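Same chain, two partners: subunit A is paired with subunit B first, then with subunit C.
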Partner chain A sequence: MLLLKLAFRNILRQRRRTILTVLSMTGGYILCCLSFSLTEGSYKNVIRIFTMDHTGHIQIHRDDYLQRPKVFKGIDDTPQQRQEILSQPGVHSIAPRVFAPALAYAGTRNTPVQIVGIEPQLEKTTSRLFDKVNQGQYFDVNLNADGYYSAMLGMGVAESLQIKIGDELILISQGADGSIANDIYIVTALVGTRNSWDRNKVYLPLSVAQEFLSFYGKVHQYSLLLADESAVDSITQSLTTALPTLTINPWMQVEATFYNSMEADKRGNRFTLLIIVFIVFIGVLNTVLMSVLERTREFGVLKAIGSRPGTIAGLILIETMMLAIMSLLVGVVIAAPIIAWFALRGIALPDPIDMGGIEFGFMTGEFSVGVFAWPMLLIMAFAIAVSIPPGIRAARVSPTRAMGSF
Partner chain B sequence: MLIIKLALRNLFRNTRRTLLTVLLIGCSLSALILTDAVLLGMVDVMIESLTKTLSGEAQVHRQGFTDNYDVDLYMPESASIESQLENDPSVAAYASRVISGGMISSSYNVGAGIIYGVDADQERHLSKLAAAITLGHYLEDANDILIGEPMAELLEIKLGDRVVITQAEANTGELSQALFRVAGIFKFGVRELDSNIVFINISQARKILGIKQGSHEIAILFHDVSSADLDPTGLLSSLTDDTTEALGWRALNKDIAAMLEMTNYSSLIVGAILFFLASLGVINSMFMSIYERIYEFGVAKAIGTRPFDLFQLIMVEALFLALLSCILGMSVGAILGEWYATNGIPLGEMEISGIAMNNNIPTVLASHQFTNFPVYVILLTLTAALYPARFAANIIPTDALHRSL
Partner chain C sequence: MNLTLHAALLILTVTFAGLCHADLNSKATSAERAKKLIDDMEALYRGDISKALITMQVVTPQYQRSMEMVSMNQGRDNAFIRILSPKKDRGIATLKLDQEMWNYFPKINKVIKVPPSMMMGSWMGSDFTNDDLVKQTTLTEEYDLALVETVDHYTITLTPQSQTVTVWGKIDYVIDKTNLVPVSQRFYDDNNVMVRHLEFSELRDYSGRLLPSRLEMIPLNKPGHKTLVIYESLNFEPIDVNDSDFTLRNLQSRF
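Up next is the complex of A and B:
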């Protein structure tokens, strides 16, 4: 207690210096919090957008379909199979999908597209496709009055083909058995925008796509949404053991380029922060060292009346920690509202940046304990490190010489 | 002169403090120089990879072609544009291309892709295509096709295999097919190009599409990349009319141009933060040195020194501090910057706006880092010293002499 009291008095002896030191540490802390909150928040937001939009949190494929998509690499799609996956703890919903490249024709125009076969009702629970229909009706699996099945087109396809709702669309592709597949469909809806992921997609009902590709009873992919997105790793593990014949790919593998870019960006950010905090603490070291030097005489007296070196070093440590704690308190008070604002409102970038195939257009903050706690640990660690050299110096003061020095 | 002598002596009376302060300001300056050098390096890598890989520094198209790459929108008179480019002094290289979407099928699989019909000789000077070939050879025979590594893997083909390209003819939409032999496998290292594009000879591409002459795109490289922005010979504007448009890379890649603008801001933000933190350190250490000498200042004032002289003294001290810091900061910045310019900064795998940056980013040192930044640092240090200097100037002799005893 005595040490605490002493330390407190000491740092209040030079108010201006204390305030300036606290201010620079506060600045460093707020900067760390903000940067931390903005990167975590923005990336989480982007990840939420694309996982909910189309990738899902986990995708299940046969073998290496993700890296080498071949039409014949299919999963046997049975009700039992779906039920088994859905019954795993933490799995919220499942959507089976079939993919194939194709050429689409309308009138005299044509464009390369990707066919996506989906189960209309299940897809609603797993991706935002239903909400992205901006013209026409979300389709069903039934034949229309003229005996055609319906298709939904991405905006890019619709623009290239200059096609409208109700028009005929011809698809040509290669079936899973190597045969040539072609058929006529009626456009019932347009989805997304000309820049969204769906721009080059043609959606068909699952059974229709399977028939078109001679791919009966099989799918290429199950896309899963989880109840809790942070449980991706553990659920990937449990699915891998539960389904040994299939390949379980969490979104980090599905969007590997984005994930790697994100990790690289985060590393870069952490490095920059470390340098800034380092510069801040050169200043702090300066202050602490000065305050020790100007009290050399006092330390001499303390030692002469029997204080042990450890006590004096401890005093310096406590003083620095007090400065750090004061800075952190001020820092939290200032940073909290700023971060809360970023978390609630966020800022839109003037132009979205394409990062590894994922569009990044919005900066938003994350408001959580970690955002405040990690920078705190960093500042405290630096504060302890910085109090060591002055502490040793103070502890080594020789009483006779110190008191002789006026 | 007296003031300069006094200031220097004062600074070195407490060498440790001076050194720590110099270290603080110097580190800020070198951090700033390095941040800017890394950003410049990234920008260079991005522009280089964007323009030198395939797309060139400027492109000529039919109006509206870039909206959705409509096969019908080709330039029938591309030959006359080419001769104009040939005679323009600012142009280093150009290449005509026929571009269309199609299906590429092997005996195992089928993929959709973009088919580039290119002139083998022109392309050699414009893009990195010839250098990007990892297996086999460049376009030689009429039926040669070059395919990217990921697409070759998808189609399960190797050198010498046959592939069929299915396309619709321009204007009529008639389906037409042609057989090609895989002559080479290429890898630009840019995912979008490697997995989506195949290259064939331009004459073949015209034949499949039923085009007699002309092309969809003419890519241009200049002797000096700034020509794409400045257009010194009026080339780009003269090629832009009701039917054709000629655009520099910034206009063709608006999102990347916008992002490059943003990197300037991030340099500014880092600089502002560093300067703010450094200035707190400067104020602090100036105050410490003043407090130590408060008795001296009291004496100096008592014997008739004017407040302005003391103010000047502190400012001169700050100036020396700043100069020393600049020397330290610039040397550290130059040494590290030079080292990383040859070795590159490992940032890990990154892909921004379709541009892969998998290699280490070499830093780029520029003259403004060593002329403008130090000036900012000196100005900042002087600004930070204003408050302590005013404090020293306003010391009341009686108080000072009294307090320090």
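Up next is the complex of A and C:
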């Protein structure tokens, strides 16, 4: 208690120095908070964008289909299999898919495409495909009046083929049994934009795609959405145990390029912040050391009257901690409204930037406990570290020499 | 020099020349024999005109598939193949005229010409290439032939001539001496590594001609893959095969 009073009195002795030191630590803290908030927020946003758009949070495949997609690597698609997956806690929805590369012909033009077989109703629950239809109608699995099945095209395909709603589309590919897959479909919808993920895709109803590829009763992928996106790792674990014959790929593996560049970017950021905070604390060290050196006489007196060295070191530590706590309080008060604004609004980027194939145009921030807490811990840790050398210096003061120095 | 030595030298030279000539002659006939053998083997399943019913089985580690087709041949240059089963492939047809090749897909009503770049691609997903159907007929013209004779077999080694465009560094043709039918063909790449081999077996009588009814193509670079061709019937005097069968129009006609 006495120590606290002493410490408090000591720091108030040099008001201006105290305020300046506190402000520099506050600056460091606010910088850390903002940086954390912006990187976490932006990335979370991007991740949400592609997981909700087409990737899903977790994808299930057979063997190494993700790394080496081959048309014959299929999962036996049964209602029991789907139920087994859906019954796992945390799994919100499931969508089966079939993929195959193909050549699309329309009139005299042709272009390479990727066929995606989807179940129209289930796909709505795990991706935004339905909302991305910008011409025509989202299809269903039925034959149309003329006896043709429907197809939905990405904008890239539509432009290459100069094709419109109602036109015939010819698809040629190799079936899962090696035969030549070929058939005609009618275009009922165009989806997405010229740059979106689906620009070179041709969507077919799942059973239609299975028949086209002679791939009956099988799918290449189950795409899952989770109720809580942060539970990806734990649910991946539980699914791996529950389904030993299949491969469970969380989105970090599906979008590995993006994930790796994101992690590298975050690490780079944190390193830069570490350096900045380090520089701030060199200044703080300077201040604390100065205040210790000019009180050498005082410490000499204290030790002469019986204070333990530990007590004196402790006093320095408490003084520094007080400075840190004051700076944190001020920091939170200033940073909170700024970060709240970032979280709600964000900075509009003049040119949308591309990272790992995903584009984003707004820099939003995240408002959460972690954003404020981690920088706090950092500042505290540095404060403690910085108070040790002066503290030891003060504790080692020899009373006689101290008092005789002036 | 005296007369005796002169005479001796003359006799020696003449004998030597004679021997060389005889040797050259046998070499020439050896190459000619090889050419005739290959030509005969190539024409074995074709004749001047023929119609065959063929079953083709494609086997891979992932799937197995069986097709039935009718195949018509006219001389060395023209061939027409139409798939009869399975139902989803029925009507798919291939036309070969000299060195050109077209495929027809009835479901999409499209005739697609097979470009030179796709010649080494597989025919209908089997282990036979498009080139196998097209180029086979020029083996004797574009390759150098070397014949080795044993008690039972003729083995002819074909090496491509300098201007020949091919992926094979060497082809070994083994022919049964007794029946004059092919036994096997082995295909090697430029590094003399065997890439695939074709085995002929199960002799059958086709209207008086004895031929292997079973052809098995085994690629060595794809373990577990093979294609089996079985000649269910082979008619060398077909009454229903004529010139109009070897046209693009016939690809799309009803049958």
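To be clear about the criterion, the second predicted complex is superposed on the first by the 404 of 406 C-alpha atoms of A that agree within 3 Å, B and C clash if a C-alpha of one lies under 4 Å from a C-alpha of the other, contacts with A are read in each partner's own complex, and residues count from 1 in each chain.
We take it that a residue touches a chain if its C-beta (ideal position, glycine included) is under 8 Å from a C-beta of that chain, and two chains touch if they have at least 3 such contacts.
Just so it is clear, the structure is predicted and the values come from calculations on it, not from any experiment.
Once the two complexes are laid over each other on the shared chain, residue contacts for A:N286 go to subunit B alone; subunit C is not touched. When the two complexes are superposed, the chain touching more residues of subunit A, out of subunit B and subunit C, is B.
Touch criterion met: A:S214 reaches subunit C, while subunit B stays clear of it. Applying the stated contact rule after C-alpha superposition, one finds that A:T108 touches subunit B and leaves subunit C untouched. Of the two partner chains, both subunit B and subunit C are touched by A:Q174.
Looking at the shared chain after the overlay, A:N182 reaches subunit C, while subunit B stays out of its contact range.
In the superposed model, A:G27 makes contact with subunit B only, not with subunit C. Residues 105, 172, 174 of subunit A contact both subunit B in one complex and subunit C in the other. Put simply, subunit C touches subunit A in their complex at residues 58, 60, 62-63, 65, 88-89, 92, 103, 105, 107-108, 110, 124-126. Of all residues in subunit B, those touching subunit A in their complex are 16-17, 20-21, 23-24, 27-28, 31, 35, 67-70, 101-103, 105, 108-113, 153-154, 156, 166, 168, 171-173, 191, 254-255, 258-259, 262, 270, 273-274, 276-278, 280-281, 283-285, 287-288, 291-292, 347-354. For subunit A in complex with subunit B, the residues that touch the partner chain are 14, 16-17, 20-21, 23-24, 27-28, 31, 68-71, 101-103, 105, 107-114, 156, 159-160, 172-174, 257-258, 260-261, 263-265, 267-268, 272, 275-276, 278-280, 282-283, 285-287, 289-290, 293-294, 349-357. Looking at the complex, you find that subunit A touches subunit C at residues 72, 105, 170, 172, 174-180, 182-184, 214.
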